[in-house]
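Paired with chain B in one complex and with chain C in the other, chain A is shared by the two complexes that follow.
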Partner chain A sequence: MNEAKAKLHVLSEFTYTPSTVERGYTGQTLYVNVGDGTIKGKPVTEDMKEKFIGGRGFDLWLLWQGINDSTKWNDPENEIVIASGPCGGTTQYPGSGKSIAVSISPLTHVPIDSNAGGHYGPYLKFSGWDAIEVQGKAEKDVFVYVDGPAGIVQIIEAPEDSPTDTHMLGHWLNDHFAASEKDKQQMSFVTAGIGSDHSYIGCLNFSLYDRKRHDLRYKQAGRGGIGTVFRDKKIKALIVKSFPVKGDSNHPADMERIAATGADMQHEVATFDPVQNRMRSRGTSYLVQIMNDYDLLPVHNYKFGAHPDTPKINGDIWEAQYTQNMPDGCWYGCTVACAHAVDAYEVRTGPYKGQRVIVDGPEYETIAGCGSNCGIFEPWALLEINFYCDTYGIDTISFGTGMAFVMECYEAGILDKEKTGGLDLHFGKAEETLEVMHQLARGEGFGKIFGMGIRQMKQYFVEHFDADPQFVQDIGMEAKGLEYSEYLTKESLAQQGGYGLTNKGPQHDEAWLIFMDQVNNQLPTFEDKAEALHYFPMWRTWFGLCGFCKLPWNDVVDPKNSLSAEPAKIPHHVQNYVEIYSGVTGKEVTTDDLIDMSERVYNLQRVMNIRLGYGLRDHDAIPYRSAGPVTEEEYLSRQERYDDQIREWFDKDPETMTTQEKMALHREYREGRYEKLIDAVYKRRGWSPNGVPTVEKLQQLGIDYPDVVAIVKKYL
Partner chain B sequence: MKVLTFNPELCTGARDCEATCAQTWFKVTDVAKSSIRITPTDQGFNAEFCIQCGKCLDVCPVDALYQDKKGIVRVKKNLCVGCMSCVGFCPYGVMHFDTEEVVPFKCIACGQCVETCPNGALKIIETEEASTDLWNGLVGW
Partner chain C sequence: MILVNQKHQVAWHKGITIRDVLKIMNYTYPHMAVRVNGTPVLDDQYDTYTIPDEADVRVIHLIAGG
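Right, the complex of A and B next:
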């Protein structure tokens, strides 16, 4: 026992005998109410496993039961639910340790799901719980401590002198909860930061203890403001102490099957990664140059797809900055190892100026969002933004996309120094961007306005700064209230749907179809696009049900894949997942069964959106910037392309038209085809023209529970 | 460092080495549990076993692999999380995996196979360089 922990004030305690993990499940979920102190276990039923599998499926099912039809993000009954999944904690296959967090989002007001690496989810399971469901609002800051080996769960008052910012709090927690190096290895934390206290774009950090660096690392569940909910509940940290991890901690049904599949995949990574994406040395930063070369990298708030300065922030730059030859997996056995870090970075601004810290990343989304999208091409600034976003508990994607919007508003004259409190926020202003970050964290000045997110900033700029409502609607890259992730979609209708026709908002983890659609032209018809917008969102959902990462599926691929019937699906890797799932759970499944599993969860999430007053066709609208050129500057920057399209699509001569006339023609056409895409996708998904899952669809999926059916019937 | 070395010209394919290895370390007759693997070729027989290069040490996320004072790569089973990174990344395919204990296993140059080889095709030697020449009769013969 750590003596420092013994001095902490325990507000509520629950003792239990940890269930043994059998075939990927413990059969229990943990319920903690930080408001009234209730702590209890709930059984996992066979129906729950059959219908919702685990991970995001369990999260949504528990949330469904915990909330009512009018629950708002900051109501006590809103929950944060975190689970890995039956395959989570497998060590033999790369990318098998994800945690998925779900909550009602302060940005979208519907459930957000966000996944993270780190050790929390698997450690929670190895401590006896398939999921943790946190409800209520504490009066004072608290820790929720789960100690598997001791068989206790405690709500502990967080001392006033304990830090909130993640990198400081992590060390404090190790000092107070770990009695030895071994303890540190067996613990994981979920934390946020003061940025989550003062914005709607708060993220969660999931820790892992890096045994090579002998220090804490963090992976982020960034999207949708779950960190904001976390701090609204006055939670400072979720802490888990697990039994030591072994290769069979998941007690799988068939270890030989898992080991054979794992050995093949590990060998594939070893053989092909060095000659393909080089994830092991560059992580996802390899994408920066590729996106630029295909005119898909967001530049200056998604106006453009490329910039001459991109080589200053591409993968080669980060390869030189990341510490090399480290096993940088965010869970044991992930040899794709994209979770790179820059060690001993000296902080230049803000309250931690002068500290030498580990910067976890930057990854592609952070580089593109906070870099090219904001016109910032200085690596130091991206490291600084990355570090502060993480420790303050701020989502780098919402931060980058939000700042890009603000910068365009500044250049368009909607904002000026008077309105920003003296900050010059032209594109490229790195120091000023960091000042907005620090103001946001303190809940002060323009940073406080910024922290509301794009949707609320648009309204604020209209009401207070006389912004043109149509203009800010067109250029504010959010849908459903969530900021876009970092891909340009103007020339890929399928990816416009990939972002717009999502449950949670525009995040590429549901569908990434740009290359299939735009580059390889594999989806020529609306029906082709609709099929892809059925299959891929379902397939990608499946990873989150089971505790898997998506990257080992398609970022390292045996070249023989190109000879397969459907290379975009990477059939031999899909089969690997069949082998691992069956090997863990003992349930024989087919590749089609995996899609069916996801469809149940996906449709439940859609109905939950409807239940909360959203989730209909109107809510699947996208800003025009994602579909076509909003400004003349944008049109003229790619005039040859757009003019050629006028000849090809409309059989008209662009030479006889003004730029405004050409833009209007494009807009009418592009907006119309998005509506046609919606029709096709809804039909393929078994939804009404208003985007509502039909009763027949719910029956087919076996989720026609009376309360679920009652909700859709109101709209059918 | 201490390593095993093999001379294919002396091997007649008795495969006593595989049986001895499996029996010594796992108490079984299943040669899939052997750290030395003999395969027939057109010319005779090949042997594959760990050459103690140590390249697996870097990929282990939990420092469960180390080289002992004699240079032999060894597995700390109490630290190992069974992740198979070393198995997949061994350039020579000589790190194996035991699905019962869920840990890797490999040749540690114990020399038991040397004792039982009827033709003297195996030896334990000291060498400076880790090389697959140890499989080809080019080192120590």
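Right, the complex of A and C next:
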């Protein structure tokens, strides 16, 4: 026992005998109420496993039961639920250790799901719990401590002098909860930071102990403000101490099947990654230059798709900055190992100025969102923003997209130095961007306004700064209240749907169809797009049910895949997942079964949105910047393309029209086709024209529970 | 004339290869599935496979985002 831990004040304690994991499940979930101190186990029923599988499915099902029809994000009954999934914790197949967190979002007011690497989810399972469900609000800051080997769960008062910011808190937790190096390896934390205390864009950090660096690393469940909910509940950290991880910790049904499938995939990674995306040396940063080359990189708040300075922040730059030859998998056995870091970065601004820290990343979304989208092409600034977002507990995507919106508002005259407290926020202003970040973390000045997120900033700018409501609506890149992730969608109708027709808001992990649609031209009709907007969101949902990372599915592939009938689906990798799932759980499934599993969860999430007063057609609207050019500057930057489209689509001569007339014509057409896309997608998904899953659909999926049916019936 | 992805016209000349077309189209992504008139062409043939006039060339980028 660590002596420092013995001095901490335990508010509530529960003892248990950890169930052994059998075929990927422990058969129990953990319920913790930090408000009233209740801690208990709940059984996982066969029906729950059959219908909701695990991970995001379990999270949503537990949340469904924990909340009522009027629960708001900051009500005590809102929950944060975290689970990995039946295959989570597998070490033979790359990318098998993800955790998914779900909660009602302060940005969207409906459930958000956000996945992260790190060790928490698998360690929780290997400590006896398939999921953790945290409800209530504590009076003072607390830790929730799960110790599998000791068989205890405790709610512990966090001392006032314990840090909140992640990189400081992690060390403090190791000092207080780990008695040895071995303990550190068996522990993982979920933390946020003071940015989560003062904004709606808070993220969660999931730790892993890096055995080579002898230090903590963090992966982020960034989207939707779950960090904000976490701090609103006054949780400082979730801590787990696990039994040691072994190759068969999941006690799978068929170890040989898993090992054989894993060996094939590991061979594929070793052979092809060096000549394809080079994830092992550059991670997702390789995408920066690719997106720029195809005019898809968000630049200056999604006005443009490329910038001449992109080579200053592309994958080559980061490959040189990332510390190489380190094991950078975010779970054991992930040979794709894309989770790179920059070691010993010396912080230049803010409260940690002068400290040397590990910066986890930056990954593509951070580089594009906080870099090109804000006109910032200085690597040091991106490292600094990345570090502070993580340690303050702020989502880099919402931060980058939000700052890009603010910068355009500044350049459009909606904001000026007087309104920003003296900050010049033109595109490209790196130091000032960091100052907004520090203000946000302190809950002060313009940073506090910024921390509300784009949707609330729009309203604030209209009410306080006389902004034109239509203009800020058009250029503020949020839908459902969530900031867009970092891809330009104007020329891909399917991807407009990939962002707009989501349950949680515009995050690309549901559907990423830009190349299939815009470049490959594989989805020429509305029906083709609708089919893709059915299949891919369901397929991608499946990773989150089982504890998988999406990247090994399609970021390294045997070239022979190009000979398959549907190369975009990467059929031999889909088959690998069938093998692993069946090998772990002992249930024989087909590739179609995987889609059915997701459809159940996806439709439950849709009904949950409706239950909470959202989830209808109106809520699937997108800002016009996502569909076409809002400003003359934007139109003129791609005039040749837009003029050609006027000839092709309308059989008109653009030479005889003013720019405003041409823009109006484009807008009418582009907005109209988005509505047609919605019709086609709803039909394919088995939803009514108002976006409501039909009773027949719920019956077909086997989730026609009386309370679920009662909700949809009100709208059918 | 060569039709790329049923959308873009590329001028044909004798001996034009897959690599030439990828360069003209600025297709820089390293992992693609290419078919010429329905026949798959593997990446080790991009420099040598010559495309006939009027060919229907499909270049499927196997990229599916973050």
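Following the convention adopted for this analysis, the second predicted complex is superposed on the first by the 716 of 716 C-alpha atoms of A that agree within 3 Å, B and C clash if a C-alpha of one lies under 4 Å from a C-alpha of the other, contacts with A are read in each partner's own complex, and residues count from 1 in each chain.
The definition used in the following text is that contacts are C-beta pairs under 8 Å (C-beta built on N, C-alpha and C of every residue); 3 or more make two chains touch, one makes a residue touch a chain.
These figures come from a predicted structure and were not determined experimentally.
Asks: Of the two partner chains, chain B (first) and chain C (second), which one does A:Thr284 touch, if any: first, second, both, or neither?
Replies: Second partner only.
Asks: Considering only the touch criterion stated at the top, classify A:Thr656 as touching first (chain B), second (chain C), both, or neither.
Replies: neither
Asks: Of the two partner chains, chain B (first) and chain C (second), which one does A:Ser180 touch, if any: first, second, both, or neither?
Replies: neither
Asks: Which of the two partners, first being chain B and second being chain C, lies in contact with A:Arg211: first, second, both, or neither?
Replies: first
Asks: Which touches a greater number of chain A residues, chain B or chain C?
Replies: C
Asks: Touch check for A:Thr525: first (chain B), second (chain C), both, or neither?
Replies: Neither partner.
Asks: What is the contact status of A:Leu563 with respect to chain B (first) and chain C (second): first, second, both, or neither?
Replies: Touch status of A:Leu563: second partner only.
Asks: Contact-wise, after the overlay, does A:Asn68 reach chain B, chain C, both or neither (first, second, both, neither)?
Replies: neither
Asks: Would you please give the residues of chain A that touch chain B in one complex and also touch chain C in the other complex?
Replies: Looking at chain A, the two contact sets are disjoint.
Asks: Which positions of chain A touch chain B when the two form their complex?
Replies: Touching chain B: residues 91-92, 185, 211-212, 245-248, 255-256, 259, 262-263, 265-270, 325, 327, 329, 332-333, 335 of chain A.
Asks: Chain A touches which residues of chain C in the complex?
Replies: By the definition above, chain C touches chain A via 5-7, 26-34, 40, 42-43, 58-66.
Asks: Mind pulling up the chain B residues that touch chain A in the complex?
Replies: Chain B reaches chain A through residues 58-63, 80-85, 87-89, 97, 99-100, 102-103.
Asks: Applying the document's contact rule, which stretches of chain A touch chain C when the two form their complex?
Replies: 275-277, 284, 287, 289-290, 293-294, 363-365, 485, 487, 508-509, 512, 514-515, 519-522, 524, 553-554, 557, 559, 561-563, 567-568, 570
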